[in-house]
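Read from first to last, the chains carry the letters A, B, C, D, E and F; within each, the first residue is number 1.
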């Protein structure tokens, strides 16, 4: 099997292939996601499947290893993921989540990688994804770890107009809505329950949180704003924008590493 | 000593006074801060001293207990607090910070409080302040915990014009800059080293993080944008806006509790 | 989308589909694996991909939910997985691994499942997979948790003869060897690097362990015995046997639940 | 601002001032306290406010940095602090407390301090304050950490006569009694609820502990012996004795460091 | 085997015997010790062997179960146990020690015991032995846990004169000295290396601690004061006094339980 | 006291004796056991007392230090130890158990030992005994740690015939049965309640586990197969076999160390 046919996904690679990539200073980009309700129309695996797809696409432009992905995230919160009151959501405690990311980083460093990227799709992981990177960095100051807590592209006014012609609901409410539904429609349309796409919105939108969870901060469906404007074409365009963003970060941070494809 | 003269600050109260407040369902509002560099001109205690002052002011409008404050926060990050490379900053590991907040909440619940607010001044505490609230809420579902991760007032265009007539640097860079310097000038001007106020700005501003810390994402002085436009008058006005914001949240969440003063 | 077309894999399901399955007392079977070297010819994802495939097959005979899978396992050991000296292996510390399994079980119980199975493919997870089940069971005594630490079928003398006509190396050494290579050849042959299949065996085979790792207890390739006798046909037959075993356990433990398909 | 006017309190200092003090090998003395009931007449902040005052006084005689203080301590126990049955007391679990002290020490070492003192006012912190010092010392053997678990001066017979002319109740019962009440009267008399000063004593005094807490080992008021003999003058004298003690320890342990003022 | 011949030591009992004792509300008294240097003349198991012997003697007067003993303690400190610089000492971290005691208590409660005593011989365990008792008590408020951190009898002036005719060195320095050497001489003289008994004393005796360990706070031999005055006869008398003390506590706390023998 | 009379048991040794053994590279062999029900006829201390006796015997053939033993093990499981539903069993949580073994190893390394053996008698400790060895080995790569999770001799067909003339029940069910009963009869017959020896066997024997514990996987007595064929003579022979096994491992792993006696 020649190198040109080495798989891009970490879990499809063999150990000598991984060792070779690490030895060549190829950046390893770790999709960090969640298993979380995404409305009645999208799979609960959304938060780790979509970044894996996007990074696989990015691997066409820059030499990277995609994965190993982290399929579980920190607890869902009402205003960004719907909240822990939904069945189906499988979240980790903060301490568990941080330990997993710490161990994954540690093992990748042990495997020889010196350029690592945490590519986080799940908003609630913010902060919790930085701490394990910090701890591993303290012990291994010779490696570089890039923490992308927010992987969104820049939604310029033009892009907002293109995606949300009616009105931009704000990124916080873009859960199981236009972005993610469009991406699924583009990448794996058979897993979208199209007949269940329907508008929804929280009764209350505030800039603080309440416990026990105030269900009015979330929605009944789990989509925090309307997925109705989604389309496969928007998913194709969004993929380009996401790829563009990660390629830009890779170029800024690892310009002398790995090289282009 | 009559109730009307009961101190507002938790650490100044006696246990019977605290028990009485808890029994009367008075909300207890916990300033959560940090011990962190704030440039050459502001004290490292900024992040817990300022919210304590603001809440003491708020206590003139609504009956609340202020404190016990948490003087240590999660690790400083370059783009929001300057980063862990600064001497003087005393941060907690994520697990330590979460345990402290969890224990403080648990003990306040044991003391009889049923309305609790985490009032967080330190941006990096986001998320880490939610987890302990979640854990305590699971065990004590009868109490209500409000988590204010971002306590800033709404900086309307008019207000931005008023505070930053030249240009708004963005809230992320408002560290040891106009807001905090003005507040110190208003509340305790003798602790402001006025002669050391000088403009500064990071060489790089990006939407991701890098470890080991890339010093270009922070500044040499520790102020992330210019404190030069600060003034005591702005501090007075800002205090009003902060008070207004917390009073609004108190009213929304505890409208039937405690009552007005 | 009708129930009959509900996906079998947890991460492909939506939250209402999961809630419905949980409410119908369908057993949820969690593939617990590892990310671990499997010789130069098999992907490092072997230990979670293969059980997912087998359980998907089992789902044709009994109504179960497959997943969410745990893609990381406890540290690889020389005599059963090759050991931690291999690049590519991404293991968790014992405490991290147990926390992940605990959280996954806790969340599935919260989601309404009352019949749970830990289906463990990675030998080194033994014990570590029992502890979190014990902890969750203590808190939720009304749910039933079945812990399958060893999911192998009974390799009767006839079956041994069929799989290893030359000589049975023992199950401990069946790492990246006949069983796993055959299963990949049957389920996803394009990921088998067939040209790299070659015999190997440890220099030392003992019934104790040594640290730092004695490389003679493992092999240079990572396969602990020869994968040469593997075949897609054996993979097909093995799948049947594995399915038969799990169906038997499901019937013994959940005979009154869920029903047959 | 000249060095001579650098504040003594850590939280009032700026990071360059702290860096300068650390670079000059000035000892940093950390008041470790508690938030704990101190009878109906004293604030719950007693255990960290009083040592801060005393050390600020000591800073007149030796160059030290005072703080950052630790305002929370290990659980209150009946025979020394009244016990966890009192509202208002906000204690940390042992693990939390030790983590906080460990992090504070670690950060001060990172900031450049090489001479550190844990100045503990809360009896129940004994032992728990040593462990984090031990852990940090193992990692940073080049720094010196002095652990003062008991900061009391030597109460000679003459001094006992002076403070407790009637009878010395023993130091264990000196909680919210003569020593602490006198110190408050001297340092901040407006926070003493003088009209609520009244004698009290436990029904049982034994040399073991009982759980659940036997309330007879504590008192109804929270004062473990009578605060009635307290006076501001005694507070002044006590301050001198406490200062004398800490100065002596500083001189013994850091004789070649920092110098006198 | 009749009940009258049931062994007194927990580890010699069978499970039905233990169940019977628990069911009869017999107090279980847990010797908590250490594995720690005790000079050149005494075994490192002193701190758990001696209390076991004394409690076995006490079992002649009151019906108790002795054990299970905890043979490891918290870190040795210079002024009370010689310190962690001695080979042979096997100490636990604070967190480990507390977890062990917590688990032992939890399991005894699960086994049916309702009267538990922690009988601590190792000074440094103070505090660390209280926390696990507190945690278990919170979860099992129906059981009574007595925590004897200091098991010494009252050394009245007469007794001091009898034991230390020359001069009482203070209990803190009574490590591997008169008390423990005498007890070994009485209970198991063949394990005393009599020819190695020699006087020793620390160069410095202070009321604070220093890290890294200042060896002058300990001694070269490990005995903190002279064991020369020890004798088997003193060991016999001391045993009586220790027994008397524990019997008194048992009677005070469990007067209505178990009954006398 | 000459070296030839140095005790073999760690807890009987003095610190200079231990330091001398460590300095001479004598292997330290740590019996790791449990406190667990062993039927109505055997003491709950079986799992640490028996290995201590066997190793003391082994010390006649090779120079080793025996101990410090670990008297507590991981939770009992139905199919190997009877399970956690039995009173009398005192198990540790996984995290506690691993921490204890880690600390014991760490302290022995600090004491100078470079050859360490974990000699595990309790089946359920498997895995949990490897993790702490791994952690300590990472920090101290110059020491050698041998992990004997299974200390059984090779039960050849001849030996099986000799021990179980009727039928070999399998090692998993050899709990409180022929092996352990025979060993007690040989080493300390007075602690065997001979009149209570009776056959027993589980109602169900399966290759998976169930929680909450299915009592049918265990027995009413606690013996998992019949102890009736036990005899003191078998205990003598078994001791020889166990000694032979450990001597063989010592010779294989430490051939150049310590030397023979």
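Observations
Everything below uses one rule, namely that a residue touches a chain if its C-beta (ideal position, glycine included) is under 8 Å from a C-beta of that chain, and two chains touch if they have at least 3 such contacts.
Here the structure is a predicted model, which means the values were calculated and not measured.
Here the chain-to-chain distance from subunit B to subunit E, counted in touching steps, is 2. Touching subunit A and subunit F at once are the following chains: C. The greatest centre-to-centre gap from subunit E, using C-alpha centroids, is found for A.
In summary, the pair subunit A and subunit B forms a contact in which both copies contribute largely the same residue numbers, shared numbers making up over half of all those used. A separation of 48 Å divides the Cα centre of subunit A from that of subunit D. Distance between chain centres (mean CA atoms), subunit D to subunit E: 30 Å.
A separation of 56 Å divides the Cα centre of subunit B from that of subunit F. Subunit D has residues 84, 93, 95 in contact with two or more other chains. In the cyclic arrangement of chains, the order starting from subunit D and heading towards subunit E is D, E, F, C, A, B.
Across the complex, subunit F is touched by residues 74-75, 77, 84, 93-95, 98, 124, 126-128, 130-131, 133-134, 137, 141, 144-150, 206-212, 249, 252-253 of subunit C. Of all the residues in subunit E, the ones that touch subunit F in their complex are 1, 7, 10-19, 22, 35, 37-45, 48-49, 68-69, 71-72, 84, 86-93, 95-96, 99-100, 102-104, 107-108, 110-112, 191, 193, 195-196, 222.
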